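Each structure below is given as structure tokens.
The two complexes that follow have chain A in common; it is paired with chain B in the first and with chain C in the second.
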Partner chain A sequence: MTPRSGLAWLAGLGVVGAGIALAGLRVNPYVYFAGYVILQYVVIATAWNILGGYAGYVNFGTPAFFAMGAYTAVFLIQSLRAPLPVLILAGGLVAALLGLGIGYLTLRLRGVFFSIATLALSVVLQTMIINWEYVGGSRGLSVIRPSGPPFGSYVTFLFTVMVGLAVLSVMVARFIERSWIGRGLAALRDNEEAAECMGVPTLRLKLFATTISGFLLGVAGAPFPYYVTFVEPNSAFALDYAVNALAMPMIGGTTSWAGPVIGAVLLGTAQQLATVTISSEMNLFIVGVVLVAFVVLAPEGILGLVRRLRGR
Partner chain B sequence: MAGALLEIHGLVKRFGGFTALNRVTLHVKEGERFGLIGPNGSGKTTLINCVSGSLRPDDGRIVFAGRDITALPAHQRTRLGIARSFQIPKPFTSMTVQENLDIPLEYAGHARARDAGAEAAEILRAIGLDAKAHLRPSGLTQIEMRKLELARAMAARPKLLISDEAMAGLSSAEVDDILAILFRLNGEGITIIMIEHIMRAVMRFSERIVVLDAGERIAEGTPDEIVRNPAVEKAYLGE
Partner chain C sequence: MVAGLLLGGFYAAVSLGVSLIFGLLDIANIAQPAFVILGSYAAYVMNDALGLDPILTGLLLTPLFYGLGALVYRVYYASFERRGEESLRGLVFFFGILFIMEVSLSLTFGVDYRLVQTAYTSKSIDLGGVGIAFRYLVPCLVGIAMTAGLYLFLGRTFYGRAIMAVSQDQLALRLMGANPVQIKTIAFGVGIAAASLAGALLISIAPVIPSTDRDYIGRMFAITVLGGMGSIGGTLVAAVVLGVAESLMATFFGPSWSLAVSFGILLLALAVRPAGLFGR
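Our next item is the complex of A and B:
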């Protein structure tokens, strides 16, 4: 372990500690409620960026992966009343399998065609869930939280869990970025044919990226049923996830793990504030305006902007 | 065939109804300077795409260093020792020139990430790009871009280097510059296949030349024999 990665682990532990401390403070419950959503977006944006930012394969199907996590959890709650850690792991694994599947799509589909296929995937899965009565079908399903969370109220508990998941996903992304895997992904993003001819096993790396990205997106979705306590297809497959997953890394900067985190915290917070002060419909409007502004004015995101101001 | 590094047996490649390569057979000896020429659309690039693994042939076999590589993916062929440069340079645009070399060094040249830097610097110095090591490829001139293609191929530590029109569009002095690099690499023991339209360069460089026309092999010989071959003249100039 290099001193730098040791420092990163320490920082990660620090964030988790701060999260637990914040959960113990018992401030206004809304803080945890909103904080959960922002942290969930840190996970989603980070996971999306492993495939979209590092490997350059733009996934419009984020809702499919998120909902796979959520509905795996619903299924396991319905059938086994499985505990939360099992839900998270299982939700991640099912979404990882889905990721592996779309990884094989990259053999034939590149660029915008890959993106269209992932969008279609989301529609197909939503239709399947709508017709599956056991998990609530189109009407949705009420989920009863287990009584007695390990500490605090259930929402503060879920908030703490999400802090942990956010730290975990950022660590994974950071590790990938700095390893030979990240360098290989960058090469295939720049030019897939040249990368393959320079010895990069492009298919294997792409499968790795889609699987890990899918896993983390599923992980983000697994606690969702307990958070909202009522799961229905329109909220689990919401367009918001597809748009935010793409907008947050774009705004923060896609080439480094810090980009999605910055984007998720800024946009996520702005959306939460807008929901409270203006209206919940303002959410996507804000994302749209900010995204257009960034794509035009700062295509490399906030990180790129900082780099430019520093004179590279 | 004794001493053959690369053997191509009856290679066929079709694109729909169009036959780009029709039962092409050829051998490249170890350490040889081999020229592959032919008019536009004769199948030269298709042939080397089949050798490097970017394309799968419909029929035929490719044997490299005694091993059948016909079904091997491109990245594994690179690791075995086949490297190529691209006719239209395909640099990794988000990386610096030096980082461009780190990829093949790390993935194919068996260098650990730590000493890749020193090796990359050495290759860049040998090829004359050391002053540009920390630039992005977008800041390079045409000839520097071609040199980067060659440098990146060298970083894969190849036994066989395929140079696909590395000199197209360059000035006469620049052609000499690239030729000198290729001669030096060959002197270090690397077998080189040169695909080129600049006859002055191929004729000077190659020990043996194979001519393709419309996917068929129409001639083989030393540069002198090729120049005097009526079939070659016909392929280039018509009746």
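Our next item is the complex of A and C:
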């Protein structure tokens, strides 16, 4: 273990520790409630970026993966009343399988076509869920939280779980970025044919990226039923996830693990504030405008701006 | 079955813009459905305030939409195409535009369903024992007229032929002394102008809310891909295929499945034959 990665692990543990400490403080419950959403977006944005930022495949189907995680959890709660760690793992695995399938699509579809196919996938899955009565169908389903969380109220408990998941996903993204996998993905992002000719195993790398990305998105979605306690297709498949998953890395910067984190924290916090002070529709409007502004004016995101200011 | 055929004519009208912009110009304008919905609301406002017929409004507003489209293309060109990074960021750009338009509409009009009533909407005619509602017949006829119009425009006029030339070989066009950017601006404007009319048709068929655009993304791109990326005749055929498939699905499995048809066809077409039925 190199000293730098040792340091990163320490920093990660520090964040988890700080999260638990914050949960112990019992400040205004809304802090945990909003914090959960922001952390959830850290996971989503990081996961999206592994495929979108590193490999250059724009996924519009984020809601599909997120909802796969959420609905796998609903199914397991309904049938087995499975505990939360099982839900998270199972949600991740199901979404990872979906990711693997999407990965094989990249054999035929590149660029725009891939993106449209992921969007299509999201709608097809939503239709299937709407017609599946066992998990609530179109009317939705109430989920009862298990009594007696290990500590605090259930929301604070979920908040700390999400802190752990966020740290985990950032670690995974950082590891991928620094390893040969990240370099291989960057090569195929810049020119897939050339990378293939140079002996980069593009298919294996793409399958790896879609699977990991899917897994993390599913993981983000799995605690969702317990968080909202009422799951219905429109909220689980909300287009907000698609646009945020894309906007956050774009704002932060797509080439580094720090980009999605910066984007998710900034945009996530701004959205929470806008939802409280103005209206929830206004906050989506802000996301759209910020997204277009960044894509047009600062395509490298905040990290790119910082790099330019430093003159590198 | 008949309803599916009629629906197909209407879908052709909706998809022509994408066929032109995505199929021929290779610009992934996924904001097109939002422009259609904008057209619907324009028709609603004009009908509400002045009592104008929606289709007349759609026709009257085409110059305005043309200008809007030309403007959007200029921004797109200056920010992405000139820098040569159009595919990935351009896609995100249009996704952002789609989102902004949808949210602006729901901020202005709320999320209630809006519908335009005209003199003919409730009437129907009887053709060989099958009742055909004017509500579907008129949009279908307008859709077919639009398809024919665009077909003639592309095949017979100077600018139409120039657009076809741009889609085939930009460099050659530039060598011939024409400006591809100007031609593409015109084509993009025409594509958006078609959305104005399509939107007017949409709101006279069924009630519209700002998020209706999401239902049409899949339909438009399914039709464009299935029709063979920019083939105008192919667009009409693919639109009819989709219309019939959807109405059959709605009859046998219930209307909640009909939306999955278009996306299913899209996935299938992309996976099996990306060149479409009438691919070049």
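The working rule: the second predicted complex is superposed on the first by the 312 of 312 C-alpha atoms of A that agree within 3 Å, B and C clash if a C-alpha of one lies under 4 Å from a C-alpha of the other, contacts with A are read in each partner's own complex, and residues count from 1 in each chain.
The working rule: a residue touches a chain if its C-beta (ideal position, glycine included) is under 8 Å from a C-beta of that chain, and two chains touch if they have at least 3 such contacts.
All of these numbers come straight from a predicted model, not from anything done at the bench.
> Label the relationship between chain B and chain C on chain A in the superposed model as either fit or clash.
fit
> Considering only the touch criterion stated at the top, classify A:Pro29 as touching first (chain B), second (chain C), both, or neither.
A:Pro29 sits against neither chain B nor chain C.
> Quick check on the superposed pair: does A:Gly6 touch chain B, chain C, both, or neither? Answer first, second, both or neither.
Neither: A:Gly6 stays clear of chain B and chain C.
> Contact-wise, after the overlay, does A:Pro146 reach chain B, chain C, both or neither (first, second, both, neither)?
In the superposition, A:Pro146 touches no partner, neither chain B nor chain C.
> Mind working out whether A:Asn191 is in touch with chain B, chain C, both or neither, as first, second, both or neither?
first
> Examine A:Gly14 and indicate which partner it touches, taking first as chain B and second as chain C; both and neither are also allowed.
neither
> Spot which of chain B and chain C makes contact with more residues of chain A, would you?
If we count touched residues of chain A for both partners, the winner is C.
> Per the contact definition in the header, classify A:Pro83: touching chain B only (first), chain C only (second), both, or neither.
neither
> If we overlay the two complexes on their shared chain A, which of chain B and chain C does A:Gly111 touch? Say first, second, both or neither.
So A:Gly111 only meets chain C here.
> Give me, in Å and rounded to a whole number, the least C-alpha distance separating chain B from chain C in the superposition.
Scanning every C-alpha pair, the shortest chain B to chain C distance is 11 Å.
> Show which residues of chain B lie in contact with chain A when the two form their complex.
Those residues of chain B that touch chain A are 52-54, 73-76, 78-79, 83-84, 86, 90-95, 99, 102-104, 106-109, 113, 152, 155-156.
> Any idea which chain A residues touch chain B in the complex?
Residues 180, 183-184, 186-187, 189-191, 193-203, 255.
> In the complex, go through chain C and note every residue touching chain A.
Its residues touching chain A are 22, 28, 30, 75, 79, 85, 87-89, 91-93, 95-97, 99-100, 103-104, 106-107, 211, 214, 217-218, 221-222, 225, 254, 256-257, 259-260, 263-264, 266-267, 270-271, 274.
> Can you list the residues on chain A that touch chain C in the complex?
Against chain C, chain A makes touches at 56, 58, 60, 105, 108-109, 111-113, 115-117, 119-121, 123-124, 127-128, 130-131, 138, 239, 243, 246-247, 250, 281-282, 284-285, 287-289, 291-292, 295-296, 299.
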